[in-house]
Amino acid sequence: MGQIQLNQVTKSFGAVEVIPPLDLTIEDGEFCVFVGPSGCGKSTLLRLIAGLEDVTSGHIAIDGNDATMTPPAKRGLAMVFQSYALYPHMSVRKNIAFPMKMAKLPEDEQKRRIDAAAQALNLTDYLDRRPGQLSGGQRQRVAIGRAIVREPSAFLFDEPLSNLDAALRVGMRLEISELHERLKTTMIYVTHDQVEAMTMADKIVVLQAGLIEQVGSPLDLYHTPRNKFVAGFIGSPKMNFIEGPEAAKYDAHTIGIRPEHITVSADEGPWSGVVSVSEHLGSDTFFHIHETGLADTITVRADGEVNFRHGDRIRLSPRADMIHRFDAEGLRIA
Amino acid sequence: MGQIQLNQVTKSFGAVEVIPPLDLTIEDGEFCVFVGPSGCGKSTLLRLIAGLEDVTSGHIAIDGNDATMTPPAKRGLAMVFQSYALYPHMSVRKNIAFPMKMAKLPEDEQKRRIDAAAQALNLTDYLDRRPGQLSGGQRQRVAIGRAIVREPSAFLFDEPLSNLDAALRVGMRLEISELHERLKTTMIYVTHDQVEAMTMADKIVVLQAGLIEQVGSPLDLYHTPRNKFVAGFIGSPKMNFIEGPEAAKYDAHTIGIRPEHITVSADEGPWSGVVSVSEHLGSDTFFHIHETGLADTITVRADGEVNFRHGDRIRLSPRADMIHRFDAEGLRIA
Amino acid sequence: MARSVTQKRKIINTAAAWSVGLLIFFPILWTILTSFKTEAQAISDPPVFLAFDWTLENYTVVLERSDYMRFLWNSIIIAGGSTLLGIIIAIPAAWSMAFVPSKRTKDILLWMLSTKMLPAVGVLYPIYLIFIKMGLLDSKIGLVVVLMLINLPIIVWMLYTYFKEIPGEILEAARMDGASLREEVLYVLTPMAIPGIASTVLLNVILAWNEAFWTLNLTAAKAAPLTAFIASYSSPEGLFYAKLSAASTMAIAPILILGWFSQKQLVSGLTFGAVK
Amino acid sequence: ETTVTIATVNNGDMIRMQGLTDDFTAQNPDIKLEWVTLEENVLRQRVTQDIAAKGGQFDVMTIGTYEVPIWGKQGWLVSLNDLPDAWDADDLLPAIRGGLTVDGELYAAPFYGESSMVMYRKDLMAAAGMEMPEAPTWDEIKAAAAAMTDKEGEVYGICLRGKAGWGENMAFLTAMSNSFGARWFDENWKPELNGAEWTATVNYYMDLMNNYGPPGASTNGFNENLSLFQQGKCGMWIDATVAASFVTNPKDSTVADQVGFALAPDNGMGKRGNWLWAWSLGIPAGSDATDAAKKFVAWATSKEYTALVASKEGWANVPPGTRTSLYENAEYAKVPFAAMTLGSINAADPTAPSVKPVPYTGVQFVAIPEFAGIATQVGQEISAALAGQQTVEQALDKAQMLTSEEMEAAGY
Amino acid sequence: MATQHSRSAARLMMAPAVILLLGWMLVPLIMTLLFSFKKYLPLRGGDLGWVGFDNYIRFVTSSAFWPSVLTTLTIVGGVLVITVVLGVFLAILLNQPMWGQGIVRILVIAPFFVMPTVSALVWKNMFMDPVNGLFAHLWKFFGAEPVAWLSEASLSSIVMIVSWQWLPFATLILLTAIQSLDSEQLEASEMDGAPKLAQFGYITLPHLGRAITVVVLIQTIFLLSIFAEIFVTTQGSFGTRTLTYLIYQRVLESQNVGLGSAGGVYAIILANIVAIFLMRMVGKNLDA
């Protein structure tokens, strides 16, 4: 079980309202990701759910029961922190055992769960080490292990991968996804990395300045962003936005087209521009194109084999079916 | 001017030889990137060039002149450190002015160069702030500004972007590339991020344990990696390696195929497997495929629209012309 | 920085540092040496450095004359007790300041420190009268309390700076894991801050051990620590340098040895937040 | 079992007594003695503080002729008139007993008494072809000092106290000033420190010290001078009579067999420059072990104790200066300085210390509570003058001013 | 970190320390204030009634007052300057590569463990004594007239003794601070062409600013109330009478509690003036 409901929740720090009234329901078993730019209130929201901060007003219900005033330990949630927050003076085993010790679980039950978690997370060989003797990825796993043994009704993750290097991040991302497949427990996951959000989530909640911009599945957000903010935030490299006469042609204030939906060629296509920087990744090439008369820079993703150089004048063709239209307020025009 | 030549350079710390004899020439105006896993000696090499470490043996020549014994300040090189190494108690202006002050440049010349650098780096509004009051990206720019005003014959960068978040990193990467386009000064850039290496470099030097594994342009490395190490290191997601009978078919000990060079379909293709995780990025989808009988996991990159789910059995076809062959020592078979 | 240091420079550094070190240490060394001389050798002209008849006579005399062990014991109890008590009171306070800071935290900290500026001689009379009323004169418990109060601001400040370096997330993790406040402080915070607590303890033991105003004025016999012991040797009739040296050596030896053994902690821990 | 806490000064006689207490505890197995041995200045501060605030930390205090009259008047000390007859109060030297008695009540038992006298080097005097009279004048002293001084050879004609403190340089100077006809206060308690007599006294003292004294004399107290004399660096030393036993002790003194004694000098004005002091044992009124304390005091100041010391350490080491019977003892008469000590003590008159009439008692002090504080500060000014930091006139003007201030503050 | 619950817990956990210190400050302070308005002479029967501001006026107008304030400030200032300057020097020296670094560090910090009383006694008797002291022997060895340190150079002698005791403390804190200096900053300045001296002036010294502030703050607190060193050596003579010592003389030697208490109040005021001054400086430096 692990349905979480926020009902008109607000949070102010002093006079600053960080979260304006907010409603949100996360279903049991769902993998829900909060994304948004830095400082938008993702962590705050998570901490409100965890009970580490008091709500200023509104209610939080867990599995239908009002938990607004319940202290963190009693909410049946487990949290994995960005810094892992392992206890550095305890061995891995003791770290994992800590919540059970606090709950006064019988020794043998503790042992059973530790072994199971260690097994699942590939930590069996490290149980007697201190966190300081582990690599970043292993530490991250210990933090997850500590969360698992409590058998919580939901996991809360606050940017759990942001301290890892790129390669490890990919691996851990997969591990967490697999864990969710296996446990089927509700997970709420905070990140500002939209790749993580896209690849892991069942449901993404896009936040900006404490407000929910859109809630939906990753592909929903990719294909039908509700507004310019979401359109720009989801997808990498960022969507190109074009205003003015070109947009007017589409009956819109602004049109958006993703880099992967533009084709480049030497001589064919309605738009033209000069290559400013071309980034060759092997698999793909990114062109940053200036002097298009449409926008400052238009970014285009092309195949790895396509080869233009700095200063080349080229032509661009957007895929018509992939053009997004927005009105003056930035809202999507259906 | 800024040609740098390393001639049989070695470096040992105590008894440990970190850099075995190494030859390398970096041409004037080149953007040369050192990549390699952590601890492989990238920073050490850079510091040898800068003069912050003494070579154990061998020679370093700058613009043809032996600079092996020249003190750092006299080599005409400028360095941008990973931690930025700004002087925290000086304003941005004073930070940038420091090397000129040490060189006793006339006041008005100092002012001219500071203004020019600030202009170029968009720092004009922050000149009177302290580094502590700047964001990460701004600090990075100040560090570059401090390097620029010296008008060095080459810039040395040691992982200058690794302290920035993903979005900023992309932006700064472009800025540095544009700077290079504009100044045409030699740049040596250390990173362990292969995306940075691929997108920025004219020439990449791949290091492992102090040894040069391969030197070449980004696309050289991508298309014709000299060995398995380079093949695995360059490209993201990583190349899939397959050993055993399937490799034998190609007359090789190991074959490698990049995720973007495999196509998936429901029923066609020589290989088959079960989808373990599918990551939908919108633009692309990554499939991690198990039970192929070839390797633990085969990673495939497919179009954003392709949709298989966890547990689906699918078929894979590698692009035959994109298969890399390696012998038992891991060397490329031409 | 990591360029190989030339041997010559290292020799110069070594020579300079050792000279300065020995110069600074010399008064203590001289005292210890003198304590093994006879009175005549102690004031001989020119002074003898090592070539004298080493004797333990001075120590015998000093030990005979006063009950050294009792003074020592009192010093240990008073210095140790006041530090322990101070730590126990300071940990919760420092926890509050470090992890639930308010606008007034800094003010409170500075205020606490300012109580140390109260001139002791100025308030001796009131304190003396209070001690008489409470029957605390010449009691170890009284001194423990006074020295604890004197050092409390320093203890709070030091602990505060150490605690501030501990990420709050770890304490939150403990809270999520179901630890009560007491358990959080006991099982997580305190063990994590052990190095900091150790250097706080050390510094305060030293300060309490060497405190010579209150310990002298509020004790007579039963609770008198080593500061009182040395007061009975400070100028007896005649200049008994050797005996004075022996007594001095005995008064400082315990703390000197403790200090030397734990200098690593002290050196690495003494920051008062001066280092960021 | 009763515990008696005794505050004592860390001088030789007191330390010796601590070593001999087995004798007392054997006689009184139910009494336990706790010693608080402190350096003189610390002791004085501690006991004063304790008695004034009624702290009750001590059962026996070691105090001097300065404290006893003041404290006795306040009723802070237990009267010792009821000590057993065997203790024999009438045997005490009258001058000493007088100094410890207030309104007929004896408030402290003298442990040892002392005056001051001249100690000189017979060998050096002989070498200079001079002879020391029994009762020298200041001019004779000066002449002798001049004759004995040999700065090259580190022999200084005269060593005097220079260290600041009412019990240090001011004890000496006040006693000296008596022989110059000076006084601290006139009959109306007006200080006379910058008067002609004091100026003459201090100038004479400066003259002696600057020309014939050891270097750094301004920090020399009793201990430092003793050490100098024992090392043979002083030709003369005018100081406490108890010093005689140290300078004649061959164990510590290199000149033990060359020391001669003379009365403190005078100026022919009818008063000698010697003082009178007795370290005595008193019992504070608040003590909870008065009876046991009395037993101890009686033991420590008894004739039997004297005999005990004599039997263990020899006659030269018995506490001197308190009892007539000691000086009538044939054994003790053999001690070289016995007669001179008795003579010096008898030459002092605490009730009429100076040539002119004074409103106070005390030879080298003024028995009012403020004196210690005042005299210490005055001593510091004079010490500073001796160190060359100011002139005698400046020092005495400052002394006069601060004394006036203090006396005013005290309500005179 | 800031739920209602944790905030009230914080208040509760802060309470013992705050209440104890408040008591420790207020009770004696109020009694001192009370005494300072009274004629209070224990040796003359104790409390002799109210006298208004008499004690205050008498204390400041006494000829000893201003010199004692000056002496206090001289000692505090002198010791601070010496310990900070030498401390920086020593910290840099100890931070250099050398043999036996650990032992040298032990030697240097040793004086910190020595009781002030003992150190004053040792310096006074065995070093500064003009006849038997080592300095006297040294001076004579070089053919100079021995100096009577404690009378002829009294203030400097005391500053020297106290500096010797506090130098280790300053050195330790500055050493930790120097070790925390980011080596990349030094390398950057080296690349920028700064010679060693400029590196020290532009990089190291500013980096030490915060540490120096802390040293100054902590030492000032302790130095304002030094007592044992003066009591043992000069007893306040030769211009070494600090405000603390003056109060001591009033309260304990003259047994004039009223006057001494007024002095105590002045000392508190002085301490607080110094404190405000310092706190300003520290507050700024600690926040930055």
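Order of writing sets the chain letters: A, B, C, D and E. Residues in each chain are counted from 1.
One rule holds in what follows: contacts are C-beta pairs under 8 Å (C-beta built on N, C-alpha and C of every residue); 3 or more make two chains touch, one makes a residue touch a chain.
Fair warning: this is a prediction, and the values are worked out from it, not measured in the lab.
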(message) According to the touch definition, list the chains common to the neighbour sets of chain D and chain E.
(response) C
(request) Return the chain whose centre of C-alpha atoms lies at maximal distance from the corresponding centre of chain A. (result) D
(request) Write out the two chains that share the greatest number of C-beta pairs in contact. (result) C-E
(request) Could you grab the centroid distance between chain A and chain E? Build each centroid from C-alpha atoms only and quote it in angstrom. (result) 56
(request) Using mean C-alpha positions as chain centres, tell me how far chain C is from chain D in Å, no decimals. (result) 39
(message) Counting only Cα atoms for the centres, state how far chain B is from chain D in Å.
(response) 89
(request) Can you check how far apart chain B and chain C are, centre to centre, with Cα atoms defining each centre and the answer in Å? (result) 53
(request) Give me the residues of chain D that touch two or more other chains. (result) 49, 53, 224, 227
(request) Two or more other chains in contact with one residue: find those residues in chain C. (result) 1-2, 43, 124-125, 129, 172, 231, 234, 239
(request) Mind pulling the residue numbers of chain A that touch at least two other chains? (result) 52, 71
(message) Under the stated contact criterion, what part of chain B meets chain A in this complex?
(response) 165-166, 170, 174, 177-178, 181, 192-193, 195, 198-200, 218-219, 221-223, 234-237, 258-260, 276-277, 279-284, 286, 288, 301, 304, 310
(request) Please name which positions on chain D make contact with chain C in the complex. (result) 5, 7, 10-12, 15, 18-19, 34-40, 42, 46, 49-50, 53-58, 221-224, 226-227, 230-231, 246, 252
(request) Name, in rising order, each residue of chain E that touches chain D in their complex. (result) 39, 41-45, 58, 61-64, 129-132, 145-152, 154, 231, 234-239, 241, 249-250, 252-256, 259
(message) With touch defined as at the start, can you tell me which chain E residues reach chain B in the complex?
(response) 182, 184-185, 187-195, 198, 202-203, 206-207, 209, 288
(message) If we count contacts the way the header does, which residues on chain A are in touch with chain C in the complex?
(response) 50, 52, 71-73, 77-79, 81-83, 85-90, 98-99, 102-103, 146, 150
